[in-house]
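Both complexes shown next keep chain A, but they swap its partner, so chain B is in the first and chain C is in the second.
And now, the complex of A and B:
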């Protein structure tokens, strides 16, 4: 379990992170969202023991980043937003070097390397030189390096930046698999729709403050006072618009193109079903009736102002 | 004892020795392969030369050449030890690993020290040829004396100790500089200043003697010539133990430790905040 408690970082007169707190359980994949300069990387670097917090702390399975950094390091894998690979060694030599540093016993290293290469789908590149790998493969090798000591927490800072769509999809699947293996994964990214696909928890940070934290659906629901309904129909625009405006719980109705209405609706699911029934009973020809779901991007744009420190 | 274990015998960063071997002997890139091939050719050439002129190949002069090699080899091997990690941005990977910064520094140092010692071992063969066949001749051409074995060992230890000091100095500048080539340039500039420019300046000013000048007294090539001068042994005589070179060895090893500790202290600063003196 990871507990982040009132974590704060000040650089001179600037407070980069203003006392953020959250907790994650094994298997959680946490999407950390924020604009550039919002404090994501600073938070990740504090959790990874690279930066000392000004106050507050993070505790990973009972080990405190401030007082027991060595214990924390044994349990975490950190992948920054750059590869930083040694380019004059082979793939297996690179992994062997880090396995040794993480004190994986020499007799087990070969098996561990084979396992992480299989997990990251790099087995065929075991004997290749690191510099000969494509960008996507280098990214996966970087992730393989994080996994050689079987960490319980993975900190992935912008892991998908610069990857092509295929490599991105593969990385997404790999991260989901790590979550299924019971690891806590913290992913910071700007690509919000992708985060929503595989993260079960998200946090939105701006100017060093955690504005929202929790499951994606809960956060989305939290910002929505009304539902948005989209009604597609055959016939004259004005008649249906006028009809819907007179129905209970319809806050506002507007035409959204030819043959479509956008309705802000404050009723329950029952009320929603009632609205559909009344429209059909009134003789309107409906070909589509759906609730528009707000996505992470909407939430992000709604909650943040885009300001940086 | 516990410190020795932490920093050397049980230090996971000792894997740097293996990485050095893989990097420079594993044919990782074509430049390394060319350099290794050239070194092999030069080594065979030295062996052939020493064998052909074996009766006039003074082993201490061979140690002198070995010291020159170490002076150039150590900066070449180590200039990127820390600055290079920063440049390629792999430094963070070491900092988040369960090793202390002292262990990182010792691991880097051990990698280069192993290379220095491997070179010293490889050069033992031509030196052994010199020991076996070299005869010091007078002007008349008759055999006059041999090189003292004890002095030869002293010269060898002095040479390796100097090599280790240059390694520590290079790591120190590598920790201080943001770029590997700046670390290389700074180290070489310092060595050229201390070994060539300063002796020339002090000699020009009539202050070149070791009795007048502490830096010249610790000049490795000067002290090797002193070891050579005191190594004359006439046939049938026992060699007299000489203390020449021992203070220098102790100072070289002491300064090696000082530079390694200073390097570790340097790393306590944030990696974007490289300063020469602590606040």
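And now, the complex of A and C:
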């Protein structure tokens, strides 16, 4: 379990992270969302013990990043937003080096290297030089490096930046698999669609403040007072619009193109079913009735626009 | 005990960083090309020297023996040059290139200590130098076969060379840690190595000349001769008599080299770890001990010269007095290298992610953790430690030691230098800018007046008195400077108080203290 408690970082006059707190359980894949300079990397570096917090702390399975950094390091794998690969080193040598500094016993290293290469689908590149790998492969190699000591927490800072769609899809699948293996995975990114697919928890950070934390659906619900309904129909635009406007809980109704209405609806699911029934009973020909799901991007934009001054 | 031992073995012998670097160093054509070039230079030089020495067919056995000895010496000097060139080059990029590649974050997010990583870097470079030394064995063995040296000579010389390589490696490793760019790391490493070579060669020249030439013709010599790679032939057979036992100097030189490399490693570790880290505290403690030990050793290294000068002069009252005055000057000038270090103790400001905050002006308890408030007490402690080192050594000669007047002046002078650092920090937000300004201010007081005063004195002898306003006035002239030292000490003390007041007021006004306070 990871507990982040009131973590704060100041650089001179600038406060990069303003006392954020959250907790994650094994198996959680946490999407850490924020624009550039919001404080994501600073937070991750503090959790990874590379940066000393000005105040507050993070505790990973009982080990405190401030007082027991070596214990924390043994339990985490950190993948920064750069590769940091060595030239003239082969893939297996690169992993062997990190297995050695993570104190994996020498007799087990070969097997561990084979396992992580298999997991990251790099077995065929075992003897290749790291600089000869494609960007996607280098990214997977970095992830393999983080896995050599079987960490319980993975900190992935912008893991998908610069990857092509295929490499991105492969990486997403790999991260989801790590979550299924019971690891806590923290993925920071400002590319929101890539996070929404596989994160079960998200946190939105802006100017060093954690504005929202929790499951995606819960966050969306928290920021929305009304649902958005989309109604597709056959017939004249004006009649249905006038009809819906008279129904209870319909806050506003507007035409969203030919044959579609967009309704801000404040009622419950029961009220929603009642609205559909009343429309059909009134004789309108309905071919589509759905609730529009707010995506992460909407949530992020709503939360961060003018949220922190 | 067992855990400590296995950690130590893992750190020095199975170090992952060293293993990885070694794989890279030996990979591909680069190593083959470097070794081939290295051997070609050695062989070419050997052939050139040998053909030059063996030009005559008819020569006496004595001359032939002398020629072969000179031939051997030439080869060893060439090896010293190679070590001087290769060891800094191999090491200078080791940390700074990792920093540029940003791979240090990957390493230090693993359970790796700074010591482990730095030792690994040093071992990989040092092992490579050893390989080059071994590669040169066929060349030096030719000297043995021809009769210019014995295997014992060669072995002793190689051991001394390897210790010197360790020193060059550790210097370059420290500068690699401090540098931001690989080019500046290489340039500073060469600069420092050359300064080291010049300094130790000068020391060795005096010692070897006194011990082994016409004056005494003994193999007993201060072990400091082993600290110059250019004197390995002369230094290899020398010994130091300790409690009646003849201890080979290469052993004492080796211990010195290991201690030297240790403090370089601690300095590099402190630079990477920051305030309060155990590396910083250890470095500061070692700094005090080494300052005392180093000054004692330098005083000891100059003993042959000092003894002869003293025996020639001390018999007269005037000579005795001159000897006393010389002690004061020796102590004062020995402190001058502090100008390089004092900006690191004193200045504060922002430096990337690390903050060197002004945690007050003066806190004795912070002396060892490295924060700027501990700068003054640490500087003064170093001055006192150097004084103690000299007093210890010269008291063994039954000679007088530096006066209390010069000690008072030295303490106040370095306090004034410290206040200049506080002043430059109060004007700058950046740490590097503050340190640069501090160094420049010190040089303005110490070095800049010298050419001006010299020129004034050259134009007219009546201008000679202008040296009286020189800040180092108590350290010049062969006369009794003790009165001057007291007066200048009081002046320095007043100047320190005034400059410190201005600096602290300025810092407070700019809000620097508040901004960087924790």
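Note that the second predicted complex is superposed on the first by the 305 of 309 C-alpha atoms of A that agree within 3 Å, B and C clash if a C-alpha of one lies under 4 Å from a C-alpha of the other, contacts with A are read in each partner's own complex, and residues count from 1 in each chain.
Everything that follows uses one rule, which is that a residue touches a chain if its C-beta (ideal position, glycine included) is under 8 Å from a C-beta of that chain, and two chains touch if they have at least 3 such contacts.
Note that this is a predicted model, so its numbers are computed, not measured.
With both complexes brought onto chain A, simultaneous placement of chain B and chain C is prevented by a clash.
Using the contact criterion defined above for the overlaid structures, shared-chain residue A:97 touches chain B and also reaches chain C. When the two complexes are laid over each other on chain A, chain A has residues 48-50, 70, 73-74, 76, 78, 80, 82, 84-89, 93, 97-98, 100-103, 145 in contact with both chain B and chain C. Residues of chain A that touch chain B in their complex: 48-50, 70, 73-74, 76, 78, 80, 82-90, 93, 96-98, 100-103, 129, 145. Residues 11-13, 45, 48-51, 54, 70, 73-74, 76, 78, 80, 82, 84-89, 93, 97-98, 100-103, 145 of chain A touch chain C in their complex.
The touching residues of chain C, when paired with chain A in their complex, are 16-17, 19-20, 23-24, 27-28, 101-103, 105-112, 350, 353, 355, 429, 515-516, 518. Per the touch definition, chain B reaches chain A in the complex via residues 12-13, 15, 18-19, 22-23, 26, 28-29, 32, 88-100.
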